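You will see two complexes here that share chain A, one where it goes with chain B and one where it goes with chain C.
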Partner chain A sequence: MAFDIVNGAAATPPRPQGDGRRPRHAVARHGGAVLRVAATLAFTLLGLLAVTFFIGRVVPIDPVLAAVGDRVNAATYERVRVELGLHLPLWEQFLRYIWAALQGEFGESVLTSNPVLDDIRRVFPATLELATVATVIGVVLGVPAGVIAATRRGTWIDHVIRVLGLAGYSVPVFWLGLMGLLVFYARLDWLPGPGRIDLFFEGMVEPVTGVILIDSALAGEWDVFRSAAGHLVLPASILGYFSLAYISRMTRSFMLEQLQQEYITTARIKGLSERAVVWRHALGNAWVPLVTVIALSYGTLLEGSVLTEIVFSWPGLGFYITNSLLNADMNAVLGGTIVVGAVFIGLNLMSDILYRLLDPRAR
Partner chain B sequence: MHKRILPVAGAIGLSVMLAVNPVQAAAPSNMVVMAWQIDELISLDPAEIYEFAPAELAANFYDRVVYYDIASPNEMKGGAAESWTISDDGKTFTFKIRDGVKFHSGNPMTAEDVAWSMQRVVKLDKGPAFILTGFGLSKDNVEQKVRAIDARTVVFETDKAYAPTFVLNCLGSWVSSVLDKKTVMANEKDGDLGSAWLKTHEAGSGPFTLNLLKANEMVMLDAFADYWRGAPKIKRVALRHVPESAPQRLMLEKGDADVARDLGPDDLDVLAKNPDIKIRKIPQGMIYYLGLNQKNANLAKPEVIEALKWLIDYKGIEKNILRETKIPHQTFLPSGFFGALDDTPYTLDIEKAKALLAKAGLPNGFKVTMDVRNTYPTADIAQIIQATWAKAGIQMEIIPGDNKQTLTKYRARQHDIYIGRWAPDYLDPHSNAQGFAWNPDNSDNSSEKLLAWRNAWDIPQFTKMTEAALAEKDPAKRKAIYEDMQRQFLKVSPFVIMFQDVAVLAERKNLQGFEHGPNFDVIYYRNMTK
Partner chain C sequence: MTLTAPPTPTWRAWLLDDAPASPRQAWCGRMYRGWLHFRRNPLAVSGLAMALLLIVVAAVGPALAPHGPYEQTLDSRLLPPGSPGYLLGTDELGRDILSRVLYGARITLTIVVLVAIIVAPLGLLVGTVAGYAGGIVDTVLMRLTDIFLAFPRLILALALVAALGPGIENAVIAIAITSWPPYARIARAETLTIRRSDFIAAARLQGASPWRIVFGQVIPLCTSSVIVRVTLDMSGIILVAAGLGFLGLGAQPPSPEWGAMVSSGRKFLLDQWWVATVPGFAIFVVSLGFNLLGDGLRDVLDPRHGG
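After this line comes the complex of A and B, so read on.
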């Protein structure tokens, strides 16, 4: 149990500090909050940029060789080096890097020859689609499972849920993905194979959002929708399982914490039904830290799950960034990093807002 | 109530799975699907291509001046050029351009398109330009040296007389791809000769047109109905980016893919038993070798060089490490190339090696280092070699590094032994002869730093032979020079050549006519049927 509680405590955001710091004016309070958020945002992004920039310098790949091949003459090599700005001092390269990022100028990807922004517009919706469905699966199944495990603590159902959760944590996603393909695609023939969509539907729906489920529904192309949904089931279930494993574990420990509180005893003494006590009162309070857990888990999935994407040939963000980094395609890495950074910051903001809505003390 | 939640949720999940149970996606009969790792679609511009997949695509989008026909590997066939003549001094090639060839845009192909396309490669001076600039072409002179003299005739002048087979072999690579000048120039930006546009488009006259290109996802090619050699029989080829071996295998087994191209040994073992699948192995240009630095006194001894060639467990390495992906090969010309000799005289013979070491005055062996790139299969091969050499008393220390580190050290001649790989740049023996057996200046500041130089192998005799072969007009004599060179090279060179790459293709039985040549730029889809 100690294990669970330690984990729970770590994931619980700091509680609001009571009345001590209540500002005098609402305007000042909001203004301060905006400034603080802006500063955090800028600082986080700068940190991200610095880290990726220096990782890009440390990786033992020569971006010039990556662009021109192994055996060009020295003059061509030098020309391309200058074109890429690699002859400049390091600090100047870094400043250029930040300047370009601020202007939204990510340049062209060396690997795909497309503007990085276009590439990201193409790969991010693929990841978004997958991560969102996976998170929905994780929440819809994970939260109830955690609640049940907590209320049935020590019984067989608690053990089953905990073992499933532990397995979700420890089984390599790569293996699970391959097994999923082997069973549901190759043997049982229930589900389609790798990729986002069947080949002959390729190009039938004009990308509007890039999320095929939405685009095909908008266009009324239900065959395409079915194909896309079918392709989504397996990877989303596998990622959903991982999300479920984490969320159910966290839910369980938050619930255990809540169920030991005095107000629960009070509610029970007042004669409320066990259902109301557990699902309304205890879970109602457990939601507060859970929101942060879910947001973090969603954010992690939005970074792109590289291994899942590789197994399922899913053209998503994780694979894009990893591949770009390994090939010293710095423009693409920069662009991808900004997106991931922005997503994390956005999710943090959102969970912050939700948190305020859910916790009356934070209003 | 909550007791029912899990089963209910499970039932919902299952019914979703069944509801979306899709139309199964077996590839239609007029379409071929390849599962392939294609994450290097850097550019489709023939003036810029330097990667496997783009070079292969270019072979199907474009006609070349001459082309490599897999059925007759010893001579180039006329592509855009229907015939050619060579001047007596061997320096001027005059190509007669075929009449009635249409580009995908509908424009007719003219001599101007042919000359302009080659000029463009030299002017842009990117990765593959050296294949043409090697003939003395430069930005300043290319418009005089490569020119259209009338609507059907192109002249190509070289700076000196080369073996005609060499010139034609070089022109058979993708640098002579003929572009539709009008279409390309209509898409020019800031004087880039259409370079930006051509990265993701094509403007060719070949058997296929580009229908859809999604980086890291797929490429779709459509048959070109007006192709001058006749329209392809299949309507469409889809290359699907599937990075992993196991999913490729599953797709092939299910018929969702007709060809799988990056299968690992385990998956190949399984497929070998499948009656619906055939597996083909086609030797490729890449060879794996050890370079012994002649600056090291021990490695410079002829007996030591020979001993090390007897001290490689060629069979064991092939069987245990490389399995399906490479075959033993010991000469510097890859099997399948003009003039290649497939002799493999060396086998593992520790006693013989010990005797040779004793003869060299090193009966107890010696200490030596090997710079090893830290990846499969190089690192794995190096470990086996280390164990084998220990049996003959040679204490070899492996210095692991990444590609850049080991290569930098190698290029500076600071290694003892380098384990590496080498692929020819074009389908002519000169590419490898120049690499392995040509060293015009062995001084530290030489301007030619190819493999013989990197290992400080001073070889006036081989250098002369390489140059003689390059200038030899008679193909039969040229072939004889290369064969002779390889025989001598096998005995004395400080290169222990061990293996050659093979392309392993797993195909559905009903697929016919996928033509895969010995190099990545001569792979053709035109005759595929299923």
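After this line comes the complex of A and C, so read on.
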């Protein structure tokens, strides 16, 4: 998984730009920041669309033949080519492509013959459910682990947490998932196997949000809820382990930075208990960059769940994209890529904005 | 004039000399001090050992392998580990898993090295040029970098491989396209800290062209951060490559690529666990090795991140 361990942009909380060289009026600075954020968003989305457009052009699949089959006469072929806009110059095709994408038009999936956007709406909640539970696991376990590692720096417990974290970066997620299934499902029989829910309960709850845990709780179907929760344990723990590895490492380094500050010495001299110094004062300040890290890791999990979804036959976005890919369903693949990319970019920006809001110095 | 023989200089004293007589001696001395520091970290040393193991196995593995990687013995399919002649068992076609894992080291090493030699120079060039030139060049290059950085890496690699067709070369291209931006960021940050230094000004006053300064003064100073990053990235590259192999988009069967081997072993997971477990464990060990090594190197080369 592409977690950014060292000083890549994803790992470093975004710094307020402008280097503080020119002191500007607060209002102007705020307006500038909003504009800059909007411009970045627009640029990045444009870049994303350019890349998917380019990929769509280099694919060795003729979109006309894909639409009409390969037994058409030349006249029909030409007509469909014009209908699809393929006779236009490239830049005009690209403009049309952007316009369609902005309206959520990603074409039809060859595999399911639904509009791609409908398919994505159907599968996205499953991915969201998985990534959210995994992030919760990562935060609940990762933040305390990082704090403990920072306060016991250099001791055996610090080393254990460090090695566990590095192992989390190093283990192939698809393999860990298979091993988890082997041990907890096949051998010990503690947990249910692949899938999102027992077949028996399939379709028993009307999808409202698409998140089974919420839907079944709303409907009061607690058997379904239990089944869904059971199926969620293993994939969410495995994804959560990755999140934990990343979050605990970043927490440790943020905490070390805070614990060296003078206000910590002041708090200690004031006679505060060590617990208050560490958990309230130091962690209180470490939360600011941590929030951005958590938002970024959430985005990475949304995309990183591809392999996990395959291993656990989890009917989410990653499963959908890969499945379409193996069936040469390019509309679905590119539509899925755009959606994941847009969510990812949105989370990146959100973390940037959160950082500005939370850190008074960046305001 | 009395002829007193100078004390025979040991290589250690030469290396640790406080007043090195030549740039070469200074460089060797710095490397040696770094090594002394590195050696004190047992985790980093074990990481180095694991990384070296990959290289050694890739080099001599075929000589060690008891069987050929494609050699099928249909009588001895799916034998468990420890069977006579098959230390780690056999797969569904009776191929020796140990031999296939040993051969697979070559594929993994090839992918990692190819990606590294594409990505590191590219990122270094983009970052140093952006940082040194500043102004509009900087803005344009960094915007481009940010766009690529904002992409989801695995999904983009998936889409690229879907477009280019599965295979190792295309997997390498896809991984390279998605992994250069952090290098550009690092190189730019390093360049910004040194571009106003006196020695850069001195070079400029002597009439050195900007390209000469970038190649002669800036890039050498950025190299150590980039090396650390490459080492830490190795594991990510290995994992993405294995993931593509697992999805059937990287190396194609019957090639003994580890990810593809896990994927084929998945069908027999419940009854013949070793088919998927062994190659996956190999991926884990190599990737952990590079992570431990990178972690240790960072402590040595980049004391700001110490700890």
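Please note the rule applied: the second predicted complex is superposed on the first by the 265 of 363 C-alpha atoms of A that agree within 3 Å, B and C clash if a C-alpha of one lies under 4 Å from a C-alpha of the other, contacts with A are read in each partner's own complex, and residues count from 1 in each chain.
As a working rule, a contact is a pair of C-beta atoms (placed from the backbone, for glycine too) under 8 Å apart; a residue touches a chain by one contact, two chains touch by 3 or more.
Model, not experiment: these values are computed from the prediction.
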{"item": "Which of chain B and chain C A:88 touches, first, second, both or neither", "value": "neither"}
{"item": "Chain B versus chain C as contact partner of A:230, first or second or both or neither", "value": "first"}
{"item": "Which superposed partner A:186 touches (first chain B, second chain C, both, neither)", "value": "both"}
{"item": "Which superposed partner A:102 touches (first chain B, second chain C, both, neither)", "value": "neither"}
{"item": "Touched partner set for A:202, first chain B, second chain C, both or neither", "value": "first"}
{"item": "First (chain B), second (chain C), both or neither touched by A:357", "value": "neither"}
{"item": "First, second, both or neither for A:310, with chain B first and chain C second", "value": "both"}
{"item": "Which of chain B and chain C A:140 touches, first, second, both or neither", "value": "first"}
{"item": "Those residues of chain A which chain B touches in one complex and chain C touches in the other", "value": "60, 178, 181-182, 186, 310-311"}
{"item": "Parts of chain C lying in touch with chain A, wherever the complex brings them together", "value": "43, 143-144, 146-156, 158-160, 162-165, 178-179, 181-182, 185-186, 189, 228-229, 232, 235-236, 239-240, 242-243, 246-249, 259, 262-263, 266, 269-270, 273, 276-277, 280-281, 283-284, 287-288, 290-292, 294-295, 298, 305, 307"}
{"item": "Chain B residues within the chain A interface of the complex", "value": "1-3, 5-6, 9, 13, 16-18, 20-25, 27-28, 31, 33, 39-43, 50, 125-130, 199-200, 211-212, 214-218, 220, 238, 240-244, 246-247, 250-251, 253-254, 256, 402-405, 425"}
{"item": "Contact footprint of chain C on chain A as seen in their complex", "value": "1-10, 40, 43-44, 47-48, 51-52, 55-56, 58-60, 153, 159, 162-163, 166-167, 169-175, 178-179, 181-182, 186, 252-253, 256, 299-300, 302-304, 306-307, 310-311, 321-322, 325-326, 328, 330, 333-334, 336-337, 340-341, 344-345, 348"}
{"item": "Chain B-facing residues of chain A, complex", "value": "60-62, 67-69, 71-73, 76, 79, 109-114, 119, 122-123, 137, 140-141, 144-145, 147-148, 151, 178, 181-182, 184-186, 189-196, 198-200, 202-203, 223, 226-227, 229-231, 233, 237, 275, 278-279, 310-313, 315, 319-320, 323, 327"}
